[in-house]
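Labels run A, B, C, D and E following the written order; every chain starts at residue 1.
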Amino acid sequence: MTLSVRINHGFPGFALDVAFDAPPGITALFGKSGSGKTSVVNAVAGLLRPDAGTIRVADRLLFDAERRICVPTHRRRLGYVFQEGRLFPHLTVRQNLCYGRWFAKGRAGSDPIDRIVELLGIGPLLDRQPGALSGGEKQRVAIGRALLSEPELLLMDEPLAALDSARKAEILPYIQRLRDETDTPILYVSHSVPEVARIATTVVALEAGRVLRSGPAQAVLADPDVAPALGIREAGALLSGIVREHAEDGVTALAFSGGTLYLPLQRDPVGADLRVRIEAKDVLLATEAPTGLSALNIFPARIEKLRQGDGPGVLVQLRIGTDLVLSRVTRRSANRMGLAVGQSCYAVLKTVSVAKQDIG
Amino acid sequence: MTDWLGPEAWAAVALSLQVSFWATLLSLPLGIFVAYALSRWNFPGRQLLNGLVHLPLILPPVVTGYLLLLAFGRRGPVGSFLEETFGFVLAFRWTGAALAAAVMAFPLMVRAIRLAIDAVDPKLEQAAATLGAPRAWVFATITLPLILPGILVGAILAFAKAMGEFGATITFVSNIPGQTQTVPSAIYAFLQVPGEESTALRLVLVSVAIAMAALLLSEVVSRAVARRIAGQ
Amino acid sequence: RDVSVFAAASLKTALEEIAADWRDETGHAATLTFAASSTIARQVDQGAPADLVLLASADWMDWLAARDLLRAGSRVALLGNTLVLIGSQAAPPLDPAPGFPLAERLGDDFLAMALVSAVPVGIYGKAALTNLGVWDTVADHVAQTDNARTALALVASGEAPLGIVYASDAQAEPRVHVLGRFPAESHPTITYPAALTVEARPEAAAFLSFLQSPEAASVFRSHGFVIHD
Amino acid sequence: MTDWLGPEAWAAVALSLQVSFWATLLSLPLGIFVAYALSRWNFPGRQLLNGLVHLPLILPPVVTGYLLLLAFGRRGPVGSFLEETFGFVLAFRWTGAALAAAVMAFPLMVRAIRLAIDAVDPKLEQAAATLGAPRAWVFATITLPLILPGILVGAILAFAKAMGEFGATITFVSNIPGQTQTVPSAIYAFLQVPGEESTALRLVLVSVAIAMAALLLSEVVSRAVARRIAGQ
Amino acid sequence: MTLSVRINHGFPGFALDVAFDAPPGITALFGKSGSGKTSVVNAVAGLLRPDAGTIRVADRLLFDAERRICVPTHRRRLGYVFQEGRLFPHLTVRQNLCYGRWFAKGRAGSDPIDRIVELLGIGPLLDRQPGALSGGEKQRVAIGRALLSEPELLLMDEPLAALDSARKAEILPYIQRLRDETDTPILYVSHSVPEVARIATTVVALEAGRVLRSGPAQAVLADPDVAPALGIREAGALLSGIVREHAEDGVTALAFSGGTLYLPLQRDPVGADLRVRIEAKDVLLATEAPTGLSALNIFPARIEKLRQGDGPGVLVQLRIGTDLVLSRVTRRSANRMGLAVGQSCYAVLKTVSVAKQDIG
């Protein structure tokens, strides 16, 4: 199922004009505060009626301004995690969680409530009212409520912003599983580049109500020209490989087009596909093969593209095997090392610098 | 006790309770519906409906009673229709007293409930819709529980008003002991007779006590509900 | 079913007493419903379950007759009454006579009367004052109430020093004093007409007869009413 | 126009407007205060105050009028005090009619405002306090503007009730043409006379028109305020 | 001015029992969702009345359960950025911003409204109502409102969670300036370790309503034993130095006890004190001096402490000059290199791996 959005809407002082397709998997809506992310999500949910355009999921037309079609929200079969929780104050946490299940009857069965309660760590809260929850607890309940309604389209507006990193690390794999095991399109709003890079299949970057760039995550993230839009300091590319071995000393070996990448221990079984985000700032360049270094991952590479911004850094696109990786070095280093397109060199990548949250 | 008040007065108390109770209970669903429509829907004639609902508040009660008599009396268009079709008579029956009380109390009930509905955050109703709940279900499970304190207030206002309603009732269904003589009519009758003020006073005390008890109860219940909503 | 009597509110005590006597005598009971004459008339017009009506106003009885709601020939002028000037304290008597110094007595204060254009006792009172040539001098100082009882209460509580009510009302209120009686010729004859409705059951006629009996007459008299002969 | 209605009836309309306007305006501050106290403070006697406020709703209007007479009449304890101290007379004056209307309308006003106050999120008031605003200031700048629609509703209910109030008014201040003869008293008087229904009807139409206009205005204003609060 | 908090409070199912001192500067309240952070802040603000304990700022007693002292909120002279905004819906953005200024009259003058409006990028929103703002815009206004009330005590509950990293990077320095130029104690709740590390003077780690550890940020963050509490993957120590030079090619040189550290260009004037957070995962270890490496920062170091957790990594505390730095290496590397306490080695630190947001 693909979600396809083409809409125009005018607020006083702000115009929304976006068109993008969200294929199965997670489509990350990315953009600065006030760029129109929530407005897009609201339009998809039927809470905002755009001035013009169409919205469809697979062959279901949800909205068509010209033909005056506007499927009411409750028949759009979606789950929405709002930016501000919106729990029902008069119901207990348990009742909030179960609210959508009633209408989901008959749709493809999803996870039992217990599993999601455990995942979100809200077991002890089940009999409380939302008024007696902390900010993060509220948000976790809101996530659970949306997931339990067994949606055919999931909208998540900064669902993890209020959560600590440990909790985030627990919830993200679940969302990834949702992405991989169902063909539910997920529209995911986030400010966090690592989060987006980790889970997004597709990235839609918004700026002032318009689509700046959109496309498959791997392609968009490995392009040094896109990096500034995402925040240059968070640039990084994605490598895919196959899990080869889990060593006893806590290192996982991943086979990819350029050789073997050593990572901190992963849970995925041997043979599984794995996607790893390599942050540009974690990739060092060496002109000669380094020795006696704590880094396990040293690969011969070729410089494909150099991008010099206004800042002190240079963004280097490297080809390792058939994969693309970004490296960010200072201008001084680049000059001293005489980096140029086509040149061969070594890419040094510390194992531990592949952060847990960047693997998925 | 019977001695203290006299059988006629007791009958009036019993009748007033019956009249007020049914007037409140039966007009409540309509009151909620009208309040919801006025608060949430935009339809032609909204302002007209709004005005109509408030009419009994604006008109002197005698006029309302007179209009009720003209419409629902046995010779009136609605009254004769009801009698012929369903054999249901309002005029000069306690049912008519209940109708008069309900009509007089209706604006108070609707306004209270409407204020409560206005205060419900539509975002919560939207959230329920995203979870797949159809409108009626959203109303029943989200809006209704949230406005419960308002409904209670509306009901108790209506009940209190019904206990005190005089002008419209006596004009519409008269003051027939045991049938349409409510507490206010009885008080009126006693006040017409010099020397009966003390009986009138006792009746006043009884009806005040009843209404205060109802008021207190509604207060307690609506606070409890509000506390529950706030998360204890 | 009992005989249903719709009667003007001011007859309450007297009628209740007579109805009790009637029941003791005949075993028949009467349900007494009291309201303003105008209300009763309109309700009878709308099918009120009344066998016998007893009003304080001939006009409203005429109104009912014009609508063919009364049994032909059953109407009687049952009672009469007299108008009195009352005062709140044991003030010196003030006999209503042509040009009597009512305005001087009132000063800045008010004269309590029932509505002078609507309620019978008020209408009679205004007619009397006009006849005696003092209405214009006091017109601005008349506090009109919706019924005679309230006027009485105003005087009784001292809010108004003077008032005009029926003798029957004044008699029942110990806190007021009759300062003078209006001459019968100063106003139209005060009558309380009674009549059977077209739907009246036989016992109603019996009760109407009983109301005209000497026994009933003495009760009425004891409450200050006048019996026309 | 004057012909159509007659000068006496016009005087009644003018007086009713005056009475209802002042009754509403002057009772508003007290109404807001009492509503706030009932909603937010816990003090001994809260329930008593609550009951007292509702009394005029429960009692037959005549009784309320009679009680007003006993208290505020020239011989009454409060009335004589006011007259001796301030030379301020209520009995038989239009001011008394305004008092009666205000008292009768007070429960409606308070309940409406109270419902609005109950709906204000205390978290906003807390936020104002963290910014250094003392309680009174918080009330004036946060609570008050947020309950404005509720105040409007309360005021319009009170105004409408005042326009229709009859029983308590005539009992307390009688019916002195040009001074205390309000529209309902005039209507009542016309209804007592056979054949005068049409004059009564005209007066009814005028007072309905006035009240409806006020209602519509309040509706428009309160919607505008609500929309403003919701951020257009 | 020091804020001193010792309080006990029981919610049904949750007990709060904390005691800590917050000296001038920023005290970060750190802990998982539901650990009691907001409750502590509410108690300081006077919005929660604890069952027992005392709260004082310098010599002002704000709360004393035993002596039944409880200064009302509006006299505590504080600014509070709530976790959920709490803008006044009926006032415009401008009126919201100015709300607290009225009561601040007479207190030490602070920044003019224009400056803060510009800093927060809310100029175009001034005449809107909060209902027409996006989530991040609301939060920015809430921050401005608290700052403009010229508080003597500033409470910030996850103020930046809803903001994108570019906006965060703009606002953080302002909060740091506030920290440095006034002696206003700032209580700062955050889930983000880099954020906390960057700006906190003092760190208070909460767990389930109790204080797990508290103390000066530099000491707490350089202790490998504390790292797990903060989330081991986010471990990192702080280096302080003096700005020596801004080179033309965009590199700033910082003099510290161990030599010269090269950083991406900083704005701070030459001679200024600067604090830099060095993430443990960005520090490589070498047994012999590396050559031909793109990294500019290579320092001789001594291993002071080794900490092996349950995971695949080892946390190494290094002394460079008199400063302490953390490095995280895999167990495999540690074994291969034969790392031991007391051993000498080289610490390699990429210039660009000092993320902009970690400098302050």
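The rule is short, and it goes like this: a contact is a pair of C-beta atoms (placed from the backbone, for glycine too) under 8 Å apart; a residue touches a chain by one contact, two chains touch by 3 or more.
The structure presented is a predicted model; accordingly, all values stated were derived computationally and were not measured.
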* **Required minimum of steps from chain C to chain E, each step between chains that touch** => 2
* To do: Using mean Cα positions as chain centres, tell me which chain lies farthest from chain D.
  => A
* Asked: How many degrees of rotation carry the C-alpha atoms of chain B onto those of chain D, rounded to the nearest 5?
  -> 180
* Work out the mean Cα position per chain and let me know which chain is farthest from chain E. => C
* **Mean-CA-position distance for chain D and chain C (Å)** => 35
* To do: Go ahead and note the Å separation of the Cα centroids belonging to chain B and chain D.
  => 20
* Asked: At what distance in angstrom does the C-alpha mean of chain E lie from that of chain B?
  -> 60
* What are the residues of chain E that contact at least two other chains? -> 12, 128, 132-133
* To do: Find every residue in chain D that makes contact with two or more other chains and list them.
  => 62, 66, 188, 191, 232
* Two or more other chains in contact with one residue: find those residues in chain C. => none
* Could you run through all the chain pairs that touch each other? => A-B, A-E, B-C, B-D, C-D, D-E
* Asked: What residues on chain A touch chain E, complex-wise?
  -> 11-13, 31-34, 37-39, 83-84, 124, 128, 132-137, 139-140, 157-158, 161-167, 191-193, 231, 233-234, 247, 249-251, 262, 264-265, 281-282, 284-288, 290-296, 311-313, 328-333, 335, 337, 348, 350-353, 355-357
* Under the touch definition given earlier, write down the residues of chain C that touch chain B in their complex. => 4, 6, 9-10, 12-13, 31-35, 39-40, 42-43, 45-49, 147, 149, 152, 169, 172-173
* Structure fact -> The chain B residues in contact with chain C across the complex are 66, 69-70, 73-76, 79, 91-92, 170-171, 174-178, 181, 188-189, 191-196
* Would you mind writing out the residues of chain B in touch with chain A in their complex? => 123-124, 126-135, 138, 141-142, 145-146, 228-232
* To do: Provide the residue numbers of chain A that touch chain B in the complex, in ascending order.
  => 45-47, 72-80, 82, 86, 88-91, 99-100, 102-104, 128-133, 145-146, 149, 155
